[in-house]
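Got some structures for you, see below.
Note that chain A is present in both complexes that follow, paired respectively with chain B and with chain C.
Take a look at the complex of A and B:
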């Protein structure tokens, strides 16, 4: 069942001549992880804001969990959607980390005991339980991103939207957080929409949608997309390491396979090639 | 003029003197030589940002001394005397575009120098030059900074810092949230500033590939302590140690260790893809049809 359905969506910023979102249609099935990629200014974040009704589309229709997004339904729809932004400073309200994580539940009238349990559990999941009494302002960028995610975990939404939500994390921290999200997705049949430039985050997705100048240019699986090699930079993604290594070997007159290989695949190919020398 | 930076037995606590005091820096001793490119790495919350805020006395050590050029900063230093230092050390914070506020890009870049007593006309000249330096098109100067894309806004913010004509440029994750092309452009800009103008660069980053590609000195922070310092090659030569401190390797180095398991031999562990290819190409067959 499609939990998110977008039909012929259009949006133009009042101070711009071009469409930020240009006739976009999209269906996301319950329990899917979809990554939206594209270079800065391609319309990714605009799409995310339209999806949760932070801005109203000029035309088109958005249906979330069988409910059409309208000025009347927007509050009900936001109960089902958790969103983590790139810069968590923009979404902190609590005096302590624990208060901040509890804030979303307070808005949803969760009783106190449940709240305390859920706050602790959420902070533990993101590795921030030791910081529960600290002031959010004094945390580092990566720690703030973890706390922002904990706030979302605590409200257990049906849909999680990540807008560059791991950009301030170190690579290991990012991997740990992506694992937490994967686990939540499996446990709760959560639907994940991640807007990202990070190739590792995109690789976690079931499908990747490429957006450019406000419209979808391609939709594929991670391995199909990563086959594009250097063109990935145009799409706002980095070139995966195996593609870089293949290029560098080709420059040194080594014939390499044309099809996409992940790191494991490239190690296997190189091992065989070395033994056959 | 050389602006070397020296930390001697520097300690720093947030909310010092209260029950909430947290010691963020513990007995830091280090030196940053004028004209070098220093990368500061460490897990989130390791004290990196606290450390660099001591470079222009936004934070003063709770104890110990920080010496920047001929200026010595201690707990006792009077804020009145910090203006020359603030001009000498330019800071680009995380998400610097949040600090933009003027009506036009030109005014925003020219704001800093006017604040330091430069005339409006001279500041505007300086602003135009710096906008060119960071690769902003002239047509953007009369636009509102808020109409620009994230990458462009970040360049406006960097141009505003450069307009103070600093000798040391400190950047806290300047590429976070930018797409790969934007990241590359910012890193090339930083490298060029160092090569052409001799700026000392201090960069906080989580991108180990950037450390391998650009830095000549690395400071590793952990739990408020300086755990290790050295060249990128020295720092990345001990993967067990890095793993124990939850730090990564440059992607080419990490891949080389995997290849070592698969039987490849390396004279020196590569830091970049190019070094990696140089080492493994001679060990490979020419790749005939059997492998295709």
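Take a look at the complex of A and C:
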């Protein structure tokens, strides 16, 4: 079942001549992890903001969980969607970790006893319970992003939007965050929409949507997309490691399989190939 | 900047630390109001005893408080000297042109010095033992009756807590900008007044621009998390008034009302 449905969406910033979002239509199925990729300025973040009504589209229709996005329904839709932004510092509203996790619940008028148990539970899930009373100034970027996630776990949304949420983290912090999200997705049947330049994040996704200059380009599985090889760089993504290895082998005139291999697949193929003999 | 003790918070578990911020704020205000009733040896003795008792209850050594007074040392000297030399009336001890040292002058200098030191120390007890956040919570709670006259208390409280939360972040950023400008050859703290003012501009403008961007991002994030307006929200942080607070209030009331009584009835 499609939980997010976008039909012929258009949006233009008032200070720009070109369309930021140009006639985009797409459907996202319940429980899927969908990555939206595209180079800088291709309209990915604009799309995410339109989806939860932070900006109003010029034309087109957005339906989330069978509810059309209108000025009246916008708060009901935001109840179902959690969003994590790029800069960990600028989305930390609370004075301490626990306060920040509670912020979303305070907005929904959750009573205090429920808040206390849910704050503890959410912080435990992201492994930050020991930091409960810390202030944001004493936390690393990765820890702040975990707190942002905990704030979303506490309100238990149906959809999670990650707007380049891992782009300012080091590789280890990024890996940790992605693992937490994968776990959440499995536990809660969450639909995840991640906007990213990170190849590993995109590789984890069930489907990838490519956007370029506000146009919808294609929607495919990671392995179909990664077959594009060097074209990926133009899409705003890095080339995955197995593809790089294949390229390097090809340059040395060694025949490689056409189809995309993940790391496991590459290792298996290398083991059985004649290179080993 | 780390040398300034005034207005700092010193973590601890003393009686005063464990008190409700509302109680501390109210006591601090009452104390400051009553200081202006005190006018002779006995009233000041009561005020000083009350203050010293609070210092002891805060479990922070007196020298830390004295250290906190240091930045204001010159200001105190200055006001006292003005009172001493320009006071008029009473017995004249010494005169030179329009400068004179008189009995009344010395008296009022003493009174002003006492008030100065007591006011600063009592507010230092408040800031040493209360986290900024608790102060913000306390202010919100004390202002809440103003809701009746449609004063946006919750909005004010949110602004206060956001401002407090961003103080360290903005300090870090100012430091970063200063270092970045230094690495590009801007010399801070050199040259005359005009030159110094000019070197502030390359810090101030980026700081302001970044603050605007931050404000936009944080408001977007707040909206995305369901923030509509200040009212109709529940609160995670709760203040708890305990027996300790009531007792402190009683002790202060006895001390402060005896000052007022000494002034008017004895």
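Keep this in mind: the second predicted complex is superposed on the first by the 273 of 277 C-alpha atoms of A that agree within 3 Å, B and C clash if a C-alpha of one lies under 4 Å from a C-alpha of the other, contacts with A are read in each partner's own complex, and residues count from 1 in each chain.
The rule we apply is simple: contacts are C-beta pairs under 8 Å (C-beta built on N, C-alpha and C of every residue); 3 or more make two chains touch, one makes a residue touch a chain.
As the structure is a prediction and not an experimental result, all values here were calculated from the model.
With both structures placed on the common chain, the touch criterion links A:39 to chain B but leaves chain C unconnected. Shared-chain residue A:151: touches chain C; no touch with chain B.
Contacts of A:87 after superposition on the shared chain: both chain B and chain C are touched. By the touch criterion defined above, A:108 lies against chain C but remains apart from chain B after alignment on the C-alpha atoms of chain A.
More residues of chain A are touched by B (comparison of chain B with chain C). In the superposition on chain A, A:73 makes contact with neither chain B nor chain C.
With both structures placed on the common chain, the touch criterion links A:54 to chain C but leaves chain B unconnected. By the document's definition of touching, of the two partners only chain B reaches A:164; chain C does not.
When the shared chain is aligned, chain B comes close enough to touch A:251, but chain C does not. 87, 89 are the residues of chain A that lie in the contact sets of both chain B and chain C, per the superposition on chain A.
By the touch criterion given at the top, residues 49, 52, 54, 75, 78-79, 81-83, 85, 87, 89-96, 98-99, 102-112, 115-116, 119, 135-137, 151, 155 of chain A touch chain C in their complex.
Looking at the complex, you find that chain B touches chain A at residues 14, 22, 43-46, 48-49, 94-95, 98, 147, 149-151, 173, 176-182, 206, 208, 246-248, 251-252, 255, 258-259, 262-264, 273-274, 276-278, 280-281, 283-288, 290-292. The residues of chain C lying in touch with chain A in their complex are 133, 136, 161-162, 164-165, 168-169, 172, 213-214, 217-218, 220-228, 232-238. Contact residues of chain A toward chain B in the complex are 15, 39-41, 86-87, 89, 134, 138-143, 146, 164, 167-173, 197, 233, 236-239, 241, 244-245, 248-249, 251-258, 263, 267, 269-277.
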